[in-house]
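Heads up, there are several structures right after this.
Shared between the two complexes below is chain A, which pairs with chain B and chain C, respectively.
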Partner chain A sequence: MNNSVEENYKRQQSRMAYRLLSPSILHYALFFITPLIILFLYSFYHHVPGGIVETTMSFENYKLFFGDAFYREILLRTFVLGLVVTIATLLIGYPIAYFMSISSERTKSICYVLVLAPLYTSVVVRTYGWMIILGRTGVLNDILMRLGLIDDPIQLMYTFSGVVITLVEVFLPFMILSIHSILENINKSLVFAAQNLGASKSISFLLITFPLSIPGIASGCILVFVLSMASFISPVFIGGPGFRVIPTLIYEKAMASLNWVLGAAIAFSFLLIMIIIVFFYNKITSNERWSTVK
Partner chain B sequence: MKNINLKGITKKYKSVVAVKNLNLEVKEGELFCLLGPSGCGKTTTLRMIAGFIPPTNGEIYIGDKNVTNLLPNKRDIGMVFQDYALFPHLSVANNIAFGLRMRKFDKEKIAEKVDRYLKIVGLESLKNQLPRFLSGGEQQRVALMRAVIIEPSILLCDEPLSNLDAKLRKQMRLEIKRIQQKFGITTIFVTHDQEEALTIADRIGVMKDGDIEQSGVPEEIYNFPTSRFVADFIGISNFFKGDIITESKVCFLMVSDKIKIKLGRAEENIYKNEKAEIVIRPERINITKNLEQPGSSPQERKDNVFHGKIGRVTRLGSVIECMVEVEGCQDVIVHYHETNKNLSLKENDSVFLMWKPEDCRLIHK
Partner chain C sequence: MNIFMINRNTKSSIIKNGRQFLKFLFSGSLLFKLYIALLSMFLLAPIIIVVLISFSSESYAVFPPKNYSLKWYINFFNSSEFVSAFKMSLILAITVVIITLLLGTLVSYAIVRINFPGKNIVHSFLLLPIMFPAIILSLSLLIYFTRIKIIGTFIGLVFAHTLLATPFVIKSLVGCLSTIQWSTNEAAQCLGANRLQSFFYIILPQIKFGLIAAVIFAFITSFDEVVISLFIVGAKTKTLPVYIYNYLEYTSDPTIAAIATMIIVVIGIIILLIPKNYLTSIASR
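So, the complex of A and B:
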């Protein structure tokens, strides 16, 4: 036992840290990890119609999910939904985040309140709001018809577009805040330096500000992408019963068909796919060139 | 190479006046230091010249051209920023090449010129590194090269050395001077470090509250401060306040009943004010334990000799600073070089102070 003082100190520090963490570790283990393990076991069990589960292990549920074109189409739709929502929030969110970063402190704080305000309201409430706006006789169609832009109401409820519009609104704050936090930290004298060296405002944005904001875009995009693929409320309310994505499918299998084991298998397949996507995404975007902004 | 002319520029921020009706001419090829405490408006002035902020009033000329309303990217000015402002996502070579790219030079010419300039500061080997892997001094050199490679008519330096440690700072300021002279660029150098200004500047402008208080060559600024502020800001000063009296064409400053400082001959109306203030630099004061010691001329022993007691002795490198308590006035700071072997002063020693009348500088407010 010839520990150095430093090692001893470090050991004491980490012991302290674990002691402080123990309540949350316990909580997670009991109420998150354990159910997850049970669910994982279920995904290998056998389903007997009528909600009965036989504890014989096999891959049949996974085979069923990946082998069926119907399920694959739902998986693809979920993926496309995530992608479209992400691109749309990026295109709308970036200019807002940029505007905030070049605004005065006063304007900036007003923008903050406006961006954050929706987050104080439940998604369920906001989705009901969107139902009123998007309906055939809803606010949006009413305005468009009064303006003479359309003759007949456009169908937005129970469509892919309707779900996208709602999800963009729901996840926009996450995109704006991710990008804004990075833009805000970009040294202002970099833009001055670029202009001083002969770059116009637009060139200095393209060559300096935009490349340096890529970490913000990257984190905003993955956040919105994962959240919108996993979203449940908007697809159910706005998409309706005919609009199926993975989260609604899991719900349907587990709660309506009482096929818990298939639901569990789909849930775990989906989780695995998400993990793989996030893993490779991080690999690509953690290029050291973009990793610091100073 | 062009001159810079600021004609009555003013910058107001709501209720605050950052720069007040400032007039300044910097000659071609000159290195001009704007020196002043933080908040005196020196950086604001520099940013107005660069074009990052518009002046509220006044005009800025570079050469014969009025650039007051010109965009920063059209001004042909090189600038070195306090935090260097190197583009973190571009390599050293691409940072330096940025200005040339904007000027649409062709690729081979850019590569050749970048290599040549990297060689000037000995950074060829770091060409492909990202700035954050460079030390402070290296980043500083890259920033300097990035500014001068475009061969601007004007170079602006905004406290470029303040983020470096003391030793590197001294080395870099000579390097900046060398490069400035090599290219002969008209340069405005902003700093709050008086030593830096005195070392590298051709001329110094001391700024206070948004205006230039005094400008001149370093010797002039140091030896002939015209205001208390300049005397106080640059170097260490002893100030004496009192009434001016004239006895047979010779002026004296009566600090108190016991202290009567001879100022030299009364010329014209220089000393007509009743109340006045003078400044004496600590190194202009002779200190001795014994008046009979060699080194002081009989004349010196007659004028301005005061008795005092040493309050505190501090070593400032090779110079030793004494705080001397003199009856009838405030404490006097005296500097002497350590090679002055005859002196080994310690606290409570009884000493004589003496100085020449012509070393007293009368200052106006």
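So, the complex of A and C:
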């Protein structure tokens, strides 16, 4: 008797919960899942010049994408771009995250403002700023020439390094915040204990703080890697028309050559590659070795 | 700092103080300050330069500007296309805020207050659009909206932006709803308050900042969104970021800098209203 009352209550609660959730679930089903299913179907369709699609299914779009050396090179460039940006943000961001975690509250809040200010500025605006800085007659070349460090302006616009510089600035806040949130929660008494037992500052950092901060590095790296591989605005404006990565290729196929089916195949392959990377990455980094001491 | 008070009487003390000075120079705190200074220059450089360029009187972007003027601001307000794109973005963002707040409140209440099977899965599914690559979503929405014939319409933009903004609202509201003392709500109702009264007098004051943060994040998400909008806007529904994107493809005169500065100021003022802990909890996804 008592049991059935409890069960009844539980059922009532679940029904209420699903009623509250249903508008959002419906919205996601209609405008998130359905479009992705249609994208998946389109990737098998046949393209007829003029923007019409034939609904005959085949793997020809995938064959075209993976079979062409031109597309493979773009895929590789996207991957390398993601990798370089991730490593650069990690090397630049880790020290600042570490110093933030050991500094006073006042310094910390100044750092927060510095790190967060760019995060809430539109990417288009910041990319425009970088266009002014990196140009041949831009701010950076101007400063370097006045200091006498270079004689001729260096070409940064429309180059790989220009895109890397911009993306590092765009994604640095994510890396810093990821690492900082972990460093902040490290039990400080472990560090004090190590130093009490005679470890120097650098030893206690290497043996205690750094290993404990690896989960933060891991989550920051995958976040920046995925975001920078999928970034679109900075490659378009800083990289220029000659610089192609997968996102700009998808845009080109969809908007310029109106080849939606090939665009869909590229988009889906890209999504699949990223899911596989994230999956294996999580498998490796969730290894117990990294999370024994809490 | 005593290291600068050099005692000139003895040579040894100079050497001693010199050593101390060198020690200070290479100590963590000074290196750290230098590093912070360099890094903040790097992070803020594009923003500062855009703001300064917007007051330039030259017709192309040179830095530092030789003369200052407000002509690019006047240029912005004289261009009916810019102003209509601005209005479009504003109306869109406000619509998105209202819808996401309604949807997000229902979801967050269910997640925080009710135990039901599959809760964790539903929760992480609803947060998924944050991590999802925008470029893939935009092509799928382009194809889908063309098929159901809402491509280029206002309603299509609302559906798309609502999808992007909902996770931020859920994050912020789940965060603050789970810190509330729900017993105070029950106490108020025991003492004779009806549900509406207990909501307005007990719950609302406790979730005030979370709500403000949710509104602001939903607003910024929609107002700054460019990649998806680029695929699904029509000629009459161009949002401001899309207009800037199209404008930058051909010219780069400082009108863009003037708009950018206005956006920076608007968003800067809005952000100053959010308490710091909400800012970081949502930024660190």
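One rule holds in what follows: the second predicted complex is superposed on the first by the 272 of 294 C-alpha atoms of A that agree within 3 Å, B and C clash if a C-alpha of one lies under 4 Å from a C-alpha of the other, contacts with A are read in each partner's own complex, and residues count from 1 in each chain.
Assume contacts are C-beta pairs under 8 Å (C-beta built on N, C-alpha and C of every residue); 3 or more make two chains touch, one makes a residue touch a chain.
From a predicted model like this one, the values you see are computed outputs, not experimental measurements.
Aligning the two structures on chain A places chain B and chain C next to each other without any clash. When the shared chain is aligned, chain B comes close enough to touch A:Asn187, but chain C does not.
In the overlay built on the shared chain, the residue A:Leu147 is in contact with neither chain B nor chain C. In the superposition on chain A, A:Ile284 makes contact with neither chain B nor chain C. More residues of chain A lie in contact with C than with the other chain of the pair chain B and chain C. Of the two partner chains placed by superposition, only chain C is touched by A:Leu39; chain B is not. In the superposed model, A:Ile208 lies in contact with chain B only, and not with chain C.
By the touch criterion defined above, A:Ser200 reaches chain B but does not reach chain C. When the two complexes are overlaid on their common chain A, residue A:Ile92 makes contact with chain C while staying clear of chain B. When the two structures are aligned on the shared chain, A:Leu21 is found in touch with chain C, with no touch to chain B.
Between the C-alpha centres of chain B and chain C, as seen from that of chain A in the superposed arrangement, lies an angle of 80 degrees, given as a multiple of 10. Remark: least CA distance from chain B to chain C after fitting both complexes onto chain A is 15 Å.
Shared contact residues of chain A with chain B and chain C: none. Against chain A, in their complex, chain C makes its touches with residues 28, 32, 35-36, 39-40, 42-47, 49-50, 53, 61-63, 102-104, 106-107, 109-110, 114-117, 119, 122, 125-126, 128-129, 131, 133-137, 139-144, 147, 159-160, 162-163, 166, 220, 224, 226-227, 230-231, 241, 244-245, 248, 252, 256-257, 260, 263-264, 267-268, 271, 276, 279-280, 283-285. Residues 187, 189-190, 192-200, 203, 207-208, 211-212, 288-290, 292-294 of chain A touch chain B in their complex.
Note for the complex: chain B touches chain A at residues 50-52, 71-73, 75, 77-79, 81-83, 85-89, 98-99, 102-103, 130, 132, 146-147, 150. Within the complex formed with chain C, the chain A residues making contact are 10, 13-14, 16-18, 20-21, 23-25, 27-28, 30-32, 34-36, 38-39, 42, 92, 95-96, 99, 103, 109, 111-112, 114-133, 137-139, 142, 169, 172-174, 177-178, 180-181, 223, 226, 229-230, 232-233, 237, 246-247, 250-251, 254-255, 260, 263-264, 267-268, 270-271, 274.
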